[in-house]
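Paired with chain B in one complex and with chain C in the other, chain A is shared by the two complexes that follow.
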Partner chain A sequence: MSDIFITLLINGVLLASIYLLISLGLTLVFGVMNVINFAHGGFIMAGGYVTYWLAGSFGVDPILSLVVVIPVVFAGCYAIQLSLLEKVIGQDDLYTLLLTFGILLVLESVFRLQFGTQSQTMEYLSAPVTFGEVSISMTRIATGAIGLIAAGALFAFLNWSRQGQAIRATSQAPNLAEASGIDSRRIRALTFGLGGVLAGIGGTAYFLTYSISPVGGRHLLLIAFVVVVLGGMNSLRGTVAAAFIVGIYQTFVQFQFGSTEALFTMFIGIAVLLLIRPHGLFGEPEGRLHG
Partner chain B sequence: MVNDSRVDYTSRRTVLTAAAGTAAVGLAGCTGSDDDADLTVGLSIPLSGDFSGNGAQYQAAFETWEDKIEEQGGIDGHDVELRYDDNDSQEDQASRIANQYVDDEVDFVVSAYSSPLARAMAGPLEQAGIPFVTTGSNNDEIHAESDTMYMFEPPVDRRAEGNVLENEGVTEVAALVVDLGWARIMHDRFVEDIAPQHGIDVVYEDVHATDIDDFSSFILQAEESDADAIITTNYPEDVVNVLRSMTSQGYEPEFVSSHTANLPSVGEQLGDTVEGLCVPTCYAETFDTHENDDFPDRFREVRSSDEIELDVNAANGYGVLQTFEQAVENAGPDPESINESLRNDEFDTVIGTTTFDDRGVQEGFWSLEQWHSDSSLELVWPDDEATGDFIHPKPWN
Partner chain C sequence: MGKAGVGTASELIGRFAAEIDDRRMFYGLLASATVLAAIVQPFASGLVVTTLYFIFMYVALAQAWNYISGYTGYGTFGPHAFIGLGAYALGAQVVYLDVSWPVALVGVAIVAVVVGAVLGVILLRISGIYFAIATLLVAEGMRLGFLAETTYMQGSIGLTIVRLSSIEVYALFGVLALASTIIAYETATSEFGLRLMAIREDEQALRTLGVNPLRYKLPAFVIHAVITSLAGAVYALSLGFLFPDTFFSIDLTITILLIVILGGISTVWGPVIGALLLIPLQEGLRLEFPDLHVLIFGVALVALVIYLPGGVMSKVKSAVEKRHSRGM
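The block that comes next holds the complex of A and B.
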């Protein structure tokens, strides 16, 4: 294989790991709560801005800032679910769409007021690591590692912890889960908190390599929607596969044909796929969901 | 379970609701006119929304001119009222502001920053015959049809880069442009006109979407194409990401220039990497131009925050009102006379002597600044205005 091919493949995998982080939370919340969460873009930027603030004001290492990002975003999302979203769960989908979109606008305004409108970046581990003729930045490697570790931790939590099993049970058969004594209200709050944590970690990982801005979450939200729809709206494994497909596809097509063409063909491809397979690559047809 | 058609429907509803709310908030920023003033100038500025950082610079520049005019007792004895209207960085709001100006019969209108915002105001102002000057809007093609619309700043064609690259013997360039009208016009002028004139071969070019942060593929292609220089036409955050990507991939071209890299935030975020980065400009504090001995100090006294920087945007904002002032002095205070003067006269401003061509576009060219090791910006081209030595090749610390 040529050096260029290997470089592109590594870049694609590392980009995919960020897409994976920002998409898993969206899939989780949709799978359990049936909510399309527009606020997710704001939670991504919240993670990035907490890291920016800690690094800029207190000199905290950006990766260590996750120790603060995780509980802060979790607590915020848990509270939002209990105090706001819980009131509209089960009602018309328009209510949850409007509410989460409103939360996104509020978060963007808070970021603007606190950090200004300009994009923020930081210099972190920017030196390249060279393997033969292939150069990869340490930042990208760190970002990829965060993505893969966080995704692994999520799957371990869902498979091996009681809380995780309760989340899966609620996702697969909510009525049955509630009848079995699972507190669905608490599980929804836990799920929304976990979704926020994944977004927040994604924001920190994104900030290590790229720039964050008050409205930067919107673009990432769009990418996350593409990944989630491609994978199948409530399939975590589908989300993993789709994140890698999108990240690697975007990197290779961008290199060969340009960035505009990469996005254009990706969106066209998603549209065509949905015509052929409306439940995505790994999702199940609507009739078979939720028992 | 939400089906696909429902998602589309609710998304449209959501967007419409948000748009209506935004419009309502924006309208609240409009102010009425002061009937006591002899002359009323309408200033449409993005004081909120995506461009509010730039808007604050223009507002401070306008306030600086207002401070000077109050001190000198108006223009030829005429009182002047400036109306600061927030367009919320939204075209529909800019259009509403334009219609309000027509209803209120203002004498002169300025649109500060963004070609789409300027274009949204052009129709009603043209019909009413109100002289309308845009600044910070780089798309000069929107001026072709108008008799009362002017663009205050010369079109950017990257001739400065063409000259310095030819002088240094650099012949292979990769060019990157954001997919926006103003940027593509500048990019195309460089690729189609300036580069061939200076013996430069554009070995790779890419148009990127506005939301792209990952430029690693462009950098790889530029490196594979053996480009010795990179010219970008995009936003400051893109510049930062492009240079970071170069550093992380170990690609060190001799020359990098970016149209918007003059913001202090670019220097702060790039640290030592910023040294040698070039940026076109049409203003420097060192210019020996009309009132430029007073403007920087007055600007810093008037501005509300240290975060509002004096740069080319602020200078253009001040310069456009200097032009208005001299047009009134030359021809009188009514809109028709002001327009006549703008068409025919020469104006002395902080960015230099200003004239407008047949389309109403300012004639002239942009100089070239370069970041130096102490994070200062020095003028390096043209040679007779240079304040510092041109650093070549670009250092990669």
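The block that comes next holds the complex of A and C.
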């Protein structure tokens, strides 16, 4: 019995590390630009599809494919920010939501035209690893490890690099940051690129264990919304805690009651949470709440 | 030659738009549109009737969305929650209570009032991006709820209900489009509508004046819920079959939003113009380029938000202002 518990807990943590990666990108972009990015779902699948294409056409190892995924997604997102999103910065939320949803639709159709509507899976490291009575598949471990390493790298970058500090400064006090010589336009593009990279890595990591499809990003996007709202929109630390809560919760409820029930309670639960604590578990009350 | 043509056209549109604010003009236009819709119907082929009733459906849905999100400023991403609610509320009554569909439509409206009021009290406490995400998650949650409910609504198997003829559907959607446009017009020109727009502009200021915003935005949300649910119920009657993903689909919501933005947000004629322009185009694209239509739709959405955020109506309005300034 307790073996099942431990197995579920480990699987939950591994699932959470994917959610963490995906949600961090969303939180980062929201913090700097106040934009909820629907296209994020497309960027996740972009990572998965680049990996799929490289593995299928050139036999590239999925983990090695990150070397290509990261620059490709970064460049794409950097360009999208400068050419499209920059034009609606500061406008009503509705317009940025619609714009990013338009980008999502374009990405989804490109995937559909290029790779077909069916979902794709991958055979990779399928042997399980056994610790005593507890057995975890190797792919899940790889998936989780990628998530945790990338999340760690992000925090290191934000804390110790000049660029990272500039991103945090822009997020906390945009006017002050600009006044002290930070080019906020460039920082926005960098942030959006970085958010995309997190999504892309998340997509590759997700693809190791789960299947990808043209519209598969929407499901992950909704889960990322749950995580981000639970953690409190603008809080990176809150996102970390919320990702683990959501990942572990989903794994346990799914095991006990089924996957639809797990998601249903999550989505409705978040709506109720917003009623009690609109700023999530760790967000700052008020502030941008009515923005 | 080209320039003169544009000038005359905008002149014409300007005159049309200046007189459109007139109450007699508004009802005159609606009456002629109704007569036209009644005359056209017998001569139209199946495809044209279908396209027309989709236009009517989206006029109603877009007016309902504009009501809470355009005038009141609470941008909802969850109309498909009410589309699905209406469809399933109708299905439950028709299949399990053995109610005839006209009576069931009344039941749908009652259900929508109750659910709309409860959800409104909960969700209208938050605004902006939070409101958008919460409405989206509620809609998605409802889709999953109906998928999981396998005993009565038969989840992913689907539920068969009565199916109406396309003439009946045409008439029902026509009435709904007409009613929602009248409600929008009467609201926009009333004190109630003014209060809604005040909520959009500065809710805090309204509160400071001692006005409880919920007294206005809750009725707005309930009206949105009722019209949207009724459209969902008629949509269900047009298909004759219930399946969660058909009705609880974000694609319906995005089409609604695109129509309102295209036509002109917070305007009475915006949803009508948007639906008239977009739906035939969308149906045409779907038939001609089944693989590409979503791509084109996405590009159009991006281009519209960047280049024409005020919609067609904003162009019409600026044409009117130009004419007046020249005239005076």
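Things worth noting here:
Convention: the second predicted complex is superposed on the first by the 286 of 291 C-alpha atoms of A that agree within 3 Å, B and C clash if a C-alpha of one lies under 4 Å from a C-alpha of the other, contacts with A are read in each partner's own complex, and residues count from 1 in each chain.
Quick note on the criterion: a residue touches a chain if its C-beta (ideal position, glycine included) is under 8 Å from a C-beta of that chain, and two chains touch if they have at least 3 such contacts.
All values reported here derive from a predicted model rather than from experimental measurement.
The superposed arrangement places chain B and chain C in clashing positions on chain A.
Touch criterion met: A:4 reaches chain B, while chain C stays clear of it. In the superposed model, A:260 lies in contact with both chain B and chain C.
Of the two partner chains, chain B is the only one that A:139 touches; chain C does not reach it. Once the two complexes are overlaid on the shared chain, A:84 sits against chain C while remaining clear of chain B.
Contacts of A:106 after superposition on the shared chain: chain C is touched, whereas chain B is not.
Judged by the touch definition given at the top, the superposed model places A:226 against chain C, while chain B stays out of reach. In the superposed pair of complexes, A:271 makes contact with chain C only, with no contact to chain B. By the touch criterion stated above, A:121 is placed in contact with chain B alone, chain C being left untouched. In the superposed model, A:57 lies in contact with neither chain B nor chain C. Remark: of the candidate stretches 150-158, 168-176, 222-230 or 312-320 in chain C, the one overlapping chain B after superposition on chain A is 150-158. Across the two superposed structures, the residue set of chain A contacted by chain B and also by chain C is 34, 36, 93-94, 97-98, 101, 105, 112, 218, 222, 258, 260, 263, 274, 278, 289-290. Note for the complex: chain B touches chain A at residues 1-4, 6-7, 10-11, 13-14, 17-18, 50-53, 179, 206-209, 211-214, 216-218, 220-221, 224, 235-237, 240-241, 244, 247-250, 263, 265, 269-271, 273, 307.
Put simply, chain A touches chain C in their complex at residues 30, 34, 36, 84, 87-88, 91-95, 97-99, 101-106, 108-110, 112-113, 218, 222, 225-226, 229, 233, 258, 260-261, 263-264, 266-268, 270-272, 274-275, 278, 289-291. Partner chain A is touched in their complex by these residues of chain C: 69, 75, 77, 122-123, 125-130, 132-134, 136-138, 140-141, 144-145, 147-148, 203-204, 250, 254, 257-258, 261, 265, 291-292, 294-295, 297-302, 305-306, 309. Listed in rising order, the residues of chain A touching chain B in the complex are 4, 7-8, 11, 15, 34, 36, 38, 93-94, 97-98, 101, 105, 112, 116-123, 126-128, 130, 135-140, 206, 209-211, 213, 215, 218-219, 222, 250-251, 254-255, 258-260, 263, 274, 278, 286, 289-290.
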